[in-house]
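See the structures that follow.
In the two assemblies presented below, chain A is common to both, partnered first by chain B and then by chain C.
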Partner chain A sequence: MPPARLPWLLALTLLLAACQQSEPEPLKVYRHAIDGIPASLDPAHADDVYAATLVTNLYDTLYRYKYLARPYELTPSLADGFPEVSEDGLTYRIRLRDDARFADDEAFPGGVGRPVRATDVVYSLKRHFLPDTRSRGDWLWRDRIVGLDEGTRLSDPDAPVEGLQVEDPLTVKIRLRRPYPQFTHTLAMALSAIVAREAVEHYGRSFGVNPVGSGPFVLARFDESRAVLEPNEHFRRGVIDLDAEGYDPARHDRFGLARIDGLTFPLLDRLEVHFIPEPTTRWTSFTASSGVDVVMVPPELSERVLAERDPIRLRPEIASRYRSWHGPEAGFVFHGFNMDNPEIGHHPDPGRAARNRALRCALRDAFDWQARNRAFYHGLGQIFPGAIPPILPAYDPDADADSISHSPRRARARLAEAGWQTDNLPRLVYGLESSVHQRQMFEQFRAWAQAIGFPASRLEARAYASFGEYARALGTRQVDLFLLGWTLAYPDAQYSLQLFYGPNAAPGANSFNYANPTFDQLFEQASSLPAGPRRTRLYRQLNRIVIEDCVIIGSLARTRLFLWKPHVLMLPDRDMVGGHFLRFVDIADQGG
Partner chain B sequence: MTTPGSRRTLVARRLLGALPLLLGVTLVSFTLTVHFGPDQAWELLGRNPTPEQVEQVQRQLGQDRPFLMRYGEFLQRLTRLELGHSQASGESVTGLLARTVPVSLLALAPGFVLGIALALALALAAAWRPGGRIDRLCRGLSSLGMSLSVVITVIALQAIFGVWLDWFPVRGWAVDNAASYLAHVAVPTMAMVAANLGYNLRFFRAVLVATINEPPARTALAYGLPKSRILTRYVLRAALLPILTRVVFSVPLILISGSLVIESHLGIPGAGRITFDAVTSGDQPVLMAVVSLSAVLFVVALTAADLLARLVDPRIRAA
Partner chain C sequence: MKAPATTHKLTAGGLRAPLAVIAVYLVAAAGVWLGWWGTDWSGIQASGRQPPSPEHWLGTNLLGQDIFSRLLAGTATAFEVGLLVSVPATLLGALVGAFAGYFPQRWPDAVLMWLTGTLDAIPFYLFVIALSYAMRDHPAAMQLAMIMTFWTLTARIVRAETLRIRQLGFVAAARVSGLGSWQIIRRHVVPHTVHILLVQAAILFVAAIKAEVLLSFLGLGLQDGVSWGIMLAEASQEILAGHYGNFVAASAALLLLVLAINRMTDELQRSADPRSRGSADPAARHEATRA
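Up next, the complex of A and B:
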């Protein structure tokens, strides 16, 4: 044999041998795709959809949202039933399932997971108040649970907290300072997932990449490209009861979900979550046979899949190849004013305050939401007044739409009436994240402002390199006008209206720095009411106040359009349900 | 003539020279990340922080301490090879690098080597007959390679080999054995070749054309020696010095920063990806580890390039 051929022959042999060695694919593998990379899998840091998608599958929460019921409905998960709430709404008694166990891990003696106990619930909540945790979710319970008041920082997880009591190994009693009807919702968030103290202490700072939970899956692999999850053999939740999950044949039959009724969790042999921030790559991977099984169609690629936008209709070749679902996001995007700047916001002089309001209202009138929707959301967004998006029960479909109608004439009239002229208009800083997209949005806004007589030179764009930098600018009140998105963590208008609550002013969630005692008083009143017509009325009144005060320019709820491969039986959701739906995903048999 | 003693002296000199370089590089990087980089405290805060929490996180990140004290502590830890933990994930930086650098190497090295070999072969053929058909083709190829965006190349390769032909995975790095490695390395290799071929080809051709016109090659030609012998013994050997320098200096880039675009678009969890994330989020422990390691590797590359130059070039040995 000529020596030159030897390396080729060796390479070929190696290749063939390697092919023979490759292990067979597990029976049921689902490849999910999300558009960002979770930095940490510590539940205390899981306040974004990327981390929450994984955390809700590796850990378990006391409650979760029903898979299919819309509007969203809570259901027990790790808890054994709904909490017993005292008549005054201040005491919650929550009983845990007796069959829940943490996954096996070296953190436990002998490497065997132990049962989940009430002490774990207490520790998981207390942990948010330990400085080393650097919790991103303590604000949900701060000043709500007795003993975890404003400024509380626990130095020791064993330190007693009056409002967190273990009644027996499976029962926890939580005492609140004042009624907090949203409390049970917070216990469905990934931030509230139950952790084992042994695991937190065993892994120390690396706990964020070594998750040990009691969820349906355990982590087999995690890097910047994907996470691979395998079933947690200790996860026992009985069989799937589709009716209890809100199954409606009229709405859900086309997704082939009926066949999972009566099966046990989880249905997959392996769950892969791929992190693909680049929209084009996400789409390419979806269209490849070995790529991801689902895609949330980015607006810029909607041309490829949509034949019509209103109502949404897929192109025939797409409709025949994939399953699909679309609906509004549980959140919205909006522009806001920094009310802390006396040049445009609150002012001690009532006359100037009124003139500032006229200026804000004029800029809002100049804003053309329809054009914004066409240009940047491909006409798929739903425009609504204020901060209560259509997905919420408190949304008012009959609300006055003046605040979202484009009216340059009205804007000019407002400016003239308030005495604003080219030479006395303030110089405003418009904050944006550094991207072409956001720069274009600014230019569009500036053109509308110019059209009502606001000089382009008085509107300065200030770009920030990352969202962290942008958050710092908002938190330190450096920008006068800003663009933000707000995703709801639970289906209650309280979550969006808190954006205007005075005590939440920057660096808190109230980036508007809106300070209105009437609003604050009504907000506190509404926040402690149970769901019902009275609370809805109050929420709508609060929404009208911020619209009347021209604090917000908005808003727009984007449309989520999911496509997935037909062999995958599921109804995807990335909002309130977040990652919880993944335990219900099934794979049809070949040709199924 | 190079002796083991002179080689040791050279290595010792280089290592000594590396200290001020390392100090300078880390000082500049530290200054830039502290004063001009993103403030990670705001990335780590939740949706509704209080001013006290902002201060607390800033304190935990050491932002309340004087700059020189922080830099001094960093140097102390570096001398003990304590690279700390990522502020974002909590993962140890040593573990992070141990996990990602080999992935970058495995994913990008084949394309790097193949790209250089291909560029060298084409450049030799082009330099032999400047203005000829192969030379014209090479000039076209290098212009195309240099002007084509890597992003476009990667997207095209994904579409052709991942979707249309369905030969290789579109993205990801699910490597468990040799077969899965070959499948996953194919597209990154093609992307690396396409990304670097233009620049390498142009550089190698220029060097080889200059060498081919020098007296030794012209004399060999006049003696009627075979083309292959002239190219390998006289031209390539004489031109090896600048070529080696270029190649050796590219190695740290592959090892540490990887190729961000290729790693990002192809979902390769390599060093480039974590470097980019650290830069944009201001994850100082990761960033400073990458910068320090890059500086060390550049010193190693510099030393290796010098040693190799002595090996291949008798004039340097004599000097």
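Up next, the complex of A and C:
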């Protein structure tokens, strides 16, 4: 290089350096990864874990679960303390914090966020019953809150609802039709997040991509690949009290959490949530220095990550490079039948209904949960009958395991006895998300079905591009056989058994479209009971009913195995704490 | 009137190797169609991720399915897609091209060339993916999507050849003998583009297979079967864990078939090209260049 150009080159370098200095990179950036893309950021549509992860950070809920306490414990978030509940368990009086504000947005006069008031809580709940909202969460409160009975559709947000009253600007009074001990838990769900009416009306149909909440973060970017969140400057929740969050040095010291005690929320300068559906792609991103900071270990890589499975022990090279946590999920995965299809579900003719039941039971007998566990869940999942997973107090360790045992012989016998033959078996649509794993799971299911004489040509795979589309297909009863994961929003079997409650039929949580008056009656009875042996007995009886009816093929509770980079100080949670844990995430100095 | 010969000598030596390879693939596919082998590609025959063995020549996949059976079934899928797409797309392209070329600068030519240009302007894979997705409930959505996009190049080439042919004496003779335009196109024009159509069919055959593999890899292709694309998609989840069975089998099969067909196409093209035949007719060379 000619010497005369050297000064120019130096000057240019300095200029570039100066430009960089004028726009410094955020100091604390955490890159989270989830395996699906949220279809909407509207709380009324946040009934899946992907949307809920973001919604609970953009909006706030009245309650949330403590960060570290296990079993899970509720704690107030937007509410100022727990609700005052009347003696009869029917009236809840909830007071709001006086320092909560919505984030600044053009929806508000002057673009400045206003305080959150009791009217917002009432509006947010009422909104689920406005037809335009197309809520996916109305079933939580339908027929529970006085005035929001079965079939209620509000024509106007100003229409009075007897059970939803504003007592003063910061106090809301909610009146229930009958005791609902899980009610406070529903107010910790993303579906119950508090929205501002101005924002909903300002953005209309595009409200789902223009969130305006009072959560710890605001949305800076949202597309098919990621969401970028930045701190909400109006978010005031005092300082972090780790003891109150359930901190236990013996369990949590190794995560480096002690240093966040006494700091203010949120701790990050930028939160990126990357949507990476394919497990190995997430892994590749995780192992790259500029990639995501956390990963749930994909089953393909369990051999590379695990030195031992029982008890779980990581390979030394993994243990030395990353922080880790493993534990049972608060939820489960299962296959289900669409009982609304008379070809396989409910049928007015009792004879045909019995034959359909035999077919469902045969397909359940053909299912090999042990093989599914080995292939897709590291072999670490817990297989259990029905819909009450081991994490719940109502779980019955002595329940009959016939429904989860692989028995092709019994399956063939059932088919023969019910008169099912190759030529009269119905054609069924199996719904799946368009991913390699889901396709493989379909192939596995089809192979098992073939092994009992169910022709492959009668089982049609219908792939949906995203979870959102798949959920919509379930909501419109387009598939006869489906695979779902169900994450508990509160630690009570009522939450999983409501999957079979008749009034919750699609588009509600009852994707089975199961309609059994006996079940419904017992479910309603159990839902009103406080925790105790009587309620547990009823829950178990309900579980036995759905097992007997062969409505569900299941289930399996996965073991979560998280790895994350050592500079990230957190305890990840995908279950009940869910997205709420992100407000506690901190970044250590890269050296420390 | 006898038309001028457009057939010519193929170099037998150059074609032998690719034809032998294609024949092997054809036999593999035919065996699947006849139910001789590769029929139990979906069955779970062993435990997952078995290494190659006398029972499972290429080992088993995650589910315990035999990779070799899936490879054979995937070959049949590839040939089905290749034939189902290349034959109709070539015929459609031939008809459109001949019709447009026979009526140059008139409205049929203008409309058909506008349509061709419009379809060509859309990025190919994007268009096929969009069409496949829009028609995803149709069992042959992917094949229809490919046919709808693959005919355009053939149409352009045939149109150019038709522009040349329609000036030739035997076409003028057919016209004065009272034959209608459609009869002339069918009897005299299209048959004289057969050398082009063979090359185009071969090109489209391999293009369809590659597109199918890509679409199936992305989850937009085959829904109820197995294909090399599905095997490669599975491989994408396994390679990091050190399982190469699906990847080696599907990618080697695809590579070898593409190489063989490309080689065959080159040979066909060379033999159809007047310059490579040492033609002394400068006009013919010019037309060939335009084509």
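Some observations on this one:
Methods note: the second predicted complex is superposed on the first by the 391 of 592 C-alpha atoms of A that agree within 3 Å, B and C clash if a C-alpha of one lies under 4 Å from a C-alpha of the other, contacts with A are read in each partner's own complex, and residues count from 1 in each chain.
As a convention for this text, a residue touches a chain if its C-beta (ideal position, glycine included) is under 8 Å from a C-beta of that chain, and two chains touch if they have at least 3 such contacts.
In this text, all values refer to a predicted model and were calculated from it rather than measured experimentally.
By the touch criterion stated above, A:434 is placed in contact with chain C alone, chain B being left untouched.
In the superposed model, A:444 makes contact with chain C only, not with chain B. Look at A:155: by the touch rule set out above, it reaches neither chain B nor chain C.
Contact with chain B, but none with chain C, is seen for A:288 once the two complexes are overlaid on the shared chain. In the superposition on chain A, A:375 makes contact with chain C only, while chain B stays out of contact range. In the superposition on chain A, A:472 makes contact with chain B only, not with chain C.
In the superposed model, A:541 makes contact with neither chain B nor chain C.
Taking chain A as the reference, the larger set of touched residues comes from B, when chain B and chain C are compared.
Once the two complexes are overlaid on the shared chain, A:137 sits against chain B while remaining clear of chain C. Once the two complexes are overlaid on the shared chain, A:422 sits clear of chain B and of chain C alike. Chain A residues in contact with chain B (one complex) as well as with chain C (other complex) are 278, 280, 284, 465.
Contact residues of chain A toward chain C in the complex are 278-280, 283-284, 298, 300-301, 303-304, 371, 374-375, 434-437, 439-440, 443-444, 446-448, 450-451, 456, 460-463, 465. The residues of chain C lying in touch with chain A in their complex are 42-44, 48, 62-65, 133, 136-137, 219-220, 223-224, 230, 233-234, 236-243. Per the touch definition, chain B reaches chain A in the complex via residues 38-54, 56-57, 60, 85, 88-92, 95, 99-100, 103, 155, 158-159, 162-163, 166, 169-174, 176-182, 264-269, 273-274, 277, 280-282. Residues 14-15, 17-19, 21-23, 37, 39-40, 42, 47, 131, 134-139, 142, 150-151, 153, 204-209, 223-226, 274-278, 280-281, 284-285, 287-291, 465-469, 471-472, 475, 498, 504, 507-509 of chain A touch chain B in their complex.
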